[in-house]
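Two complexes are shown next, each including subunit A; its partner changes from subunit B in the first to subunit C in the second.
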Partner chain A sequence: RACSDGKPAKFQPPPKPVIIDKQKQREERRFLSPEFIPPRGRTDPLKFYIERKDMIQRRKVFNIPEFYVGHVLAVTTADPHANGKTNRFVGICIQRGGKGLGATFVLRNVIEDQGVEICYELYSPRIQAIEVLKLEKRLDDNLMYLRDALPEYSTFDVNMKPVSRLHHEDIPVNKLQVRMKPKPWSKRWERPKYNVKGIKFELPEEKMKEAQKWSQPWLEFDMLREYDTSKIEEKIWKEVSEELKK
Partner chain B sequence: QGLLRRSVSHSFPSFASVTGACQAIQKLTRVRVVDNSALGNTPYHRPPKCIHVYNKTGVGKVGDTILLAIKGEKKKALIVGHKMPGPHMTPRFDSNNVVLIEDNGNPVGTRIKTPIPYILRQREGEFSKVLAIARNFV
Partner chain C sequence: MMPIWTKSGKKHAVTLLKVQDCHVLKYISKEESGAKTSKLLVGGKNGSPFFKSESAMEIFKEAGVPRKQKVTTFNVTDDALVKPGTPLYAAHFRPGQFVDVTAKTIGKGFQGVMKRWGFKGQPASHGQTKTHRRPGAISTNKAAKVYRGKKMPGKMGNIYRTALGLKVWRINTKHDIIYVNGSVPGHTNCLVKVKDSKLATYKDCNKNPPFPTFFADGDEELPEDLYDEEVFQFTDPSVTYA
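Up next is the complex of A and B:
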């Protein structure tokens, strides 16, 4: 390349390569799937240990991506009654429940003006692929109120292309406030028991005040209900990550 | 659209108190007809109601036949989706969907736009004509 003077260009060293140490970054962001954490109770921890071994075995064979409530997923299952034996369903994850091998997640979508929800089992051998199409956390971890929200908030295109993932960064939180259909709803979402932050309540002030009558402010201070999972999580995280590396 | 709990809907006004789904489909449940038949789509002042379920238990799930009272007439229908959650991996719909059917199993309408669960394919012999007019499967 000749520069504007006409003389040969000054030697410019190539730009330094940016080394992204992926392993280090993956270690910095740890995600332990909620179904690994054992529920509070008096069962023998051996049972959970054996279950975790089975879960890790399944994860080695089939990759279950990291996902939260509010992500848009596409799941292909093996179905003997479908054409081509596979069935693909796209939807937003509204709830993740169950612990251990029976962990489930519910996907919701509105197809042809009809709301459809399917509860899938994470560790079922019928599932052939799970792809995360859109990475987006919401303000709550239970989006059941989408059933009473306007259908546009639950519609997702079946042929949606996966949105490119920003690697090694925090998952964005969508602070969307959803507008609801007129009352009656399936559950009284304005009550403090549900602690819903993602709804734009257009109810009059008196109704909101009346709903606060059912608040139980002593619940968060109840010591018998406390379940501190931080130490359990640390142990399980070490165990799981070691097993998966093998 | 045709959801039972809203006070404004194109086929019937219902201002009385409305119950949510307890069991799947039984006697006196209001259903939504999803095919494009004339009987199912013309507005009437009363919603189509189930009056009998052809089952040992009185509760109808996906794939059961029921007797419907529409526009003052009795008509058989096939349940294609209900609000009650079923076994895992099966779809749960937001409304109780039903397809009008004759006594010999022939569907009355010619097209079904709403998605139908794949489980109906198992009984291909009885429902082949209904599955043939269905467009989307879930």
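Up next is the complex of A and C:
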């Protein structure tokens, strides 16, 4: 094509394609471990600040991975009475309790037909390593009902290999409905107080209706029980992430 | 209260005590008070200067110090006297020391004999008529009277009690916090008196404490955290048994 001057037009390279990296665009998932959130009470916030400093200090030296209830973890602790002085236990996390430095998590496994639950403290100096073997969230926050479920749901191979996982995907939720042993159970899991969604109840309809008699529908409207942690969480998350990056 | 771990991996529960605006208020000599040792009045947390009579405020004015919410006396030997008006800090105590903590216990109000004195009460069934938590007999026939000090229902709590022989594990000089082993009487955020232990077993446990007290404008500069030798510090790697 001839331009106005009559000379050939200068070669203009085509515009570079703009690569939109969708993975980076997705927001960085924020996870604040639940033991950082201070409980509601009349304690001085200075106490929580000092505890948080200690917790961050421990996290800098020893990596505590992000995990939820329902993950399968392998924990190695120092044990003076064991061969090689270390003790490795693999299990599914059924409960995370405690706030601050005393935060604990309970791992459950069935070894040689015997159910074993061990409660570990997250910040105990005897823990040498925590590895996440399988990442999956469950429908509930508390899997204590696995004690009354069939043992196949709590058995995990002790020499399980860690399942690989992409960092940018959300943690998958396993909508497994667990089958229970015949009643009596350790707790009446069908009652609405426990709010259990992960059990396949094979009880007759009348029993389920009778269990609903203990429901307390006014609890969700009780304003004195509200504890909105969103702003506190944001502040603490900023503080913790800044300290950990240093 | 917080957990603290030793280097051997053992866990101990620890109470945090904050030294908030403590000043020495007045010196009372042996002759004035008529006691064996001289006394020093020490004041605690700052409070509002209003709603108090002039005579009560005199002590604070002389020392040049805002009004304190709690004033206690310490029996002090003559060589350990401190000038009134000096501030006291948490670094006055050192890790490894043993300490007595006095405070007013949580008030429980008027309580029955089972909660107050730990009586066993009576059985719940098998014919008991209207008697399940009562004291039962209060004296014998021969005595023909009830002895003074008989344990009976009454107001429980809200009295001064001391927890003796508590070990100091750690001191935070920046925020003036003392980490004391075990539990301490009183509710959270209550005012507490901390003294060197009077128990005979811990008489020689204080190795070179700051004498007479720790002065902030002095020459020695302390690190932010002072730990006892056995305490596991979080900067170290995990504990291993060799």
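Rule of thumb we're sticking to: the second predicted complex is superposed on the first by the 219 of 246 C-alpha atoms of A that agree within 3 Å, B and C clash if a C-alpha of one lies under 4 Å from a C-alpha of the other, contacts with A are read in each partner's own complex, and residues count from 1 in each chain.
What we mean here is this: contacts are C-beta pairs under 8 Å (C-beta built on N, C-alpha and C of every residue); 3 or more make two chains touch, one makes a residue touch a chain.
A quick note: this is a predicted structure, and the numbers were derived from the prediction, not measured.
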Subunit B and subunit C placed together on subunit A: clash or fit? fit
Could you look at A:D79 and tell me whether it touches subunit B, subunit C, both or neither (first, second, both, neither)?
both
Q) Given the touch rule stated above, what does A:N87 touch, subunit B (first), subunit C (second), both, or neither? A) first
(Q) For A:R58 in the superposed arrangement: first (subunit B), second (subunit C), both or neither? (A) second
### Query
Now for A:K99: first (subunit B), second (subunit C), both, or neither, which partner does it touch?
neither
Q: May I ask you to decide whether A:R42 touches subunit B, subunit C, both, or neither, giving the answer as first, second, both or neither?
A: second
For A:R191, is the partner it touches subunit B (first), subunit C (second), both, or none of the two (neither)?
-> neither
Could you tell me if A:K137 is touching subunit B, subunit C, both of them or neither one (first, second, both, neither)? neither
- Message: In the overlaid three-chain picture, which partner chain does A:Q128 touch, first (subunit B) or second (subunit C), both, or neither?
- Response: second
Once both structures are superposed, the least CA distance from subunit B to subunit C in Å comes to 10
In subunit A, both subunit B and subunit C touch residues 79, 121, 124, 126
Interface with subunit A, subunit B side, in the complex: residues 1, 5-7, 18, 20, 34, 81, 85, 88-95, 97, 113-115, 118-122, 136-138
Subunit C contacts subunit A in the complex at 2-3, 5, 9, 11, 16, 18, 172, 175, 177, 188-189, 232, 234-242
Listed in rising order, the residues of subunit A that touch subunit B in the complex are 77, 79, 81-82, 87, 89, 104, 111-121, 124, 126, 147, 181-182, 184, 186
Counting only contacts in the complex, subunit A reaches subunit C at residues 41-44, 46-47, 50-51, 54, 57-58, 61-62, 78-80, 85, 100-102, 121, 123-128
